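What follows is a set of structures to go through.
In what follows, chain A forms one complex with chain B and a second complex with chain C.
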Partner chain A sequence: MPDDPRLTLLLALADDELVIGHRHSEWTGWAPHLEEDLAFSSIAQDEMAHARLLYELAEPLAGREPDALALGREPQEYLHAVICERPNGDWGYTSARQYLYDLADDIRLEALETSSWKELAGVAATIRLEERYHVEHAELWFRRLAEGPVQARERLASGLEQALPEAIALFEALPGEEALSADGTLPATMEHLLGRWLERVGADLEAVSLDYVLTRHTRLGDLVPTSSGEAEEGPTLEVPGLEREDGRWVHVGAFGGAGGRSGRHTDDFRELWDEMTGLYRAIPGATW
Partner chain B sequence: MRVWEVLQRRKDDWEVVGGVKAPDLEIAMHFARETHFRRGEGDTYAVRLTGSDELHEVPESSGIGGVIDREFRRMDSFAGVGGKHREIHEQMRKQGRVIDRPRPPDLRQRRATGEGARA
Partner chain C sequence: MVTVVTLESRVRAALEAVMDPEIPTCSIADLGMIQRVEVGAEAIEVDLLPTFVGCPAKDVIGADAEAAVREAAAGREVRVRFVYDPPWTTERITAAGKATLREYGISPHWEGGPASGPVVVPLLSKKAGVPCPYCGSAETVMESAFGPTPCRAAHFCRACRNAFEGFKRKEPLLP
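Take a look at the complex of A and B:
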């Protein structure tokens, strides 16, 4: 783990974008239709470009170049949330994940725009200009699939059920988060941001009568990723339960996260990492 | 699926720059932006159902795409990619590494069992 909590924050943000961007890019040539193929490929490019901005900001803290940060680390050194590394599955899961992820990304970027660290605030504002498209895209598909034919709605609901516990873990506390909150680098705690996200997701799901997904949500049990054996045992992993309280959805109970922020990943990431970093490892210093 | 023309404003006139297939106006507007205006090509656009005269202009014309510079979005950045690709492929082959999984295996399996992503 990095010693500097600011570096931990940047790597968590950048790794999320890089890894989910890599997964999104796997749809290129395979999305449901040509126009959507281009749209999703653009989103994949955006996410990778956002990762690059964040790695560039991390360069002086890490003492490593952006490419080395993106492609030259061991799997257990990546700090993305586990949801980003999961295979794409069907379009229902992909849409559910993109919706849950980009809403979460928008909420944390909105908070970071007021960071006391000016450079980070600037990068967050720049990234958010494009994230707007991602949220629009996600919400369009969310509504369409939710209102669409039975099969579309069922696939979306099933994707949401599958993605939800791991999406909550996007807000897993960062190691060293107290220091980041104390000096205003992170203007709101991850748990506070989880509350904002949940409120929005809850309202959206209620609007299309899919809030049963939240009711049926169970705390992460078997879904907890198995460590590849390389990471040290972290704290007890637990994702909170969800309840409707005073007209909005809130989380209750312990929130240990899923371990992604401490470098605990699943075998799905091992496979992705192997492909993503293959060229970089085979030909060190290769330039394009 | 209906076919829509995508138009871009040129001075005081509109010029057709492409087309999209979409079931309705909302998705047509979305696809028009995603396929034609994500790289800073212009600051306003419209769509028109083929055979119709009714022009639907994007309500908001600020900041359409291209806010972050990335050279890989330009056609000329891809000049010579084929040669580079062959060179890398050869270097990797010498190291005993071959790219044997051109597509995500889970999708390939789904297609094989008829449960494709396009279903």
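Take a look at the complex of A and C:
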């Protein structure tokens, strides 16, 4: 783990963008129609550029060049949330994840625009202007699938059930977060941002009568800690840590799919990392 | 003093002649990308704002700008870099820039409004009324926000039945 909490923050943000950008790029040539092929290719291009910008900001703190940060680290040194590394699955999961992720990204960038670290605030403002198009894209697909036909709605719902528990961990507390909050680098705690994200997600889901996915989900991934350390018998019927209080959804306690911010990842990332960094490792210092 | 002013105007003129490689009718000055030019006794510093962070033409623009300034620099060191504060917005495009964009078949996107009435592709036709650069009609729809480059969206004109591109609107978000 980096010693400087500012570096931890930058790597968490940049790795999220790089890794989900890599997944988006896998739709190039395979999306359901040409416009979506272009859309995901273009969004991937944006996300990787945003990652690069954040790695450039991290360069003096890390003492490593942007390329080395993006491609020259071991898998356990990446600090993205686990949701970013999951395979694309079907269009329902892809749409659900993009919606949940880009909304989360928008909320944290909005907060970072007021960061006391001026360079980061400027970068966040620049990135957010472009992310606006990603959010619009995700919201359009969210509504279109939610409004049916039945198979589309079912696939979106099942994608949401699968993605939600791990999406919450996008807001897992960062190691060293207290120091970042104290000096205003991170103007709001991750837990606070999670609350704002949940409010928006909850309202959107209720508007299309899909809020039941907040209390029902498919089996969780392999990183979910249980109190006994063993898998519990039978399906759990709630996303860990979500409760409804005073008419809105709030987070209390546990995270599903946590660990990404400390470098704990699944085998899905091992495969992605192999491919993403293959050329960089095979021919160190290669230039285009 | 007089020589410095002359040099600065020469440097600016050289910079203003640098064209966007993907929109060859439009200069980087018309796109509002030149943020700062500082002619010092030893070095000339230029700050450029990229339109979109992931613009693949960025490296070419940076190299073209550097070469142009070096030619006018009278032996001084030249430093060209991209900066991100303030963020580039579509408001920075000059009136002349808008005209050259239109000439090239790209509509300045921000002239449109939200879509109304029935639309052919409901998912993608979020914006309508961006004037067609070919026939001028406002009977148009945005088919996708994601066009051939990060800064351009894909539109369709119902009047002359041409596909065209629009510059993506980028302006400070309301709180």
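FYI, the second predicted complex is superposed on the first by the 261 of 288 C-alpha atoms of A that agree within 3 Å, B and C clash if a C-alpha of one lies under 4 Å from a C-alpha of the other, contacts with A are read in each partner's own complex, and residues count from 1 in each chain.
Throughout what follows, a contact is a pair of C-beta atoms (placed from the backbone, for glycine too) under 8 Å apart; a residue touches a chain by one contact, two chains touch by 3 or more.
Bear in mind the structure is a predicted one, so any value in this text is a computation, not a measurement.
Engineer: Putting chain B and chain C onto chain A via the overlay, clash or fit?
Structural biologist: On the shared chain A, the partners clash.
Engineer: Once the shared chain is lined up, is A:L53 touching chain B (first), chain C (second), both, or neither of them?
Structural biologist: Both partners, chain B and chain C.
Engineer: Let me test your reading of the model: by the given contact rule, A:E130 touches which partner, first (chain B), second (chain C), both or neither?
Structural biologist: Both chain B and chain C are touched by A:E130.
Engineer: Using the touch definition from the top, say if A:I283 reaches chain B (first), chain C (second), both or neither.
Structural biologist: The first partner, chain B, only.
Engineer: When both complexes are superposed, which of chain B and chain C contacts more residues belonging to chain A?
Structural biologist: B
Engineer: Taking the superposition on A as described, I'd like to know which of chain B and chain C A:G184 touches: first, second, both or neither.
Structural biologist: neither
Engineer: Between chain B and chain C, whom does A:L140 touch in the aligned arrangement: first, second, both, or neither?
Structural biologist: In the superposition, A:L140 contacts both chain B and chain C.
Engineer: When the two structures are overlaid on chain A, which partner does A:G63 contact: first (chain B), second (chain C), both, or neither?
Structural biologist: Neither: A:G63 stays clear of chain B and chain C.
Engineer: With both complexes overlaid on chain A, does A:E119 touch chain B (first), chain C (second), both or neither?
Structural biologist: A:E119 contacts chain C only, not chain B.
Engineer: Give me the intersection of chain A's contacts with chain B and its contacts with chain C, in residue numbers.
Structural biologist: Comparing the two interfaces on chain A, one with chain B and one with chain C, the shared residues are 35, 38-39, 42, 45-46, 49-50, 52-53, 126-127, 129-130, 133, 136-137, 140, 144.
Engineer: Can you list the chain A residues touching chain B in their complex?
Structural biologist: 26-27, 29-36, 38-39, 42, 45-46, 49-50, 52-53, 87-91, 126-127, 129-130, 133, 136-137, 140, 144, 275, 278-279, 282-283, 286, 288
Engineer: Which residues of chain C touch chain A once you look at their complex with the stated criterion?
Structural biologist: The contact residues of chain C facing chain A are 52-56, 84-89, 122-124, 126, 143-147, 150, 154, 168, 170-173.
Engineer: What residues of chain B sit close enough to touch chain A in their complex?
Structural biologist: Going by the criterion above, the answer is residues 20-22, 26-27, 30-31, 33-35, 38, 63, 65, 67-68, 70, 72-73, 84, 88, 91-92, 95, 97, 101, 103-104, 106-107, 110, 115, 117-118.
Engineer: Enumerate the contact residues on chain A facing chain C in the complex.
Structural biologist: Of all residues in chain A, those touching chain C are 35, 38-39, 41-43, 45-46, 48-50, 52-53, 118-119, 121-123, 125-130, 132-133, 136-137, 140-141, 144.
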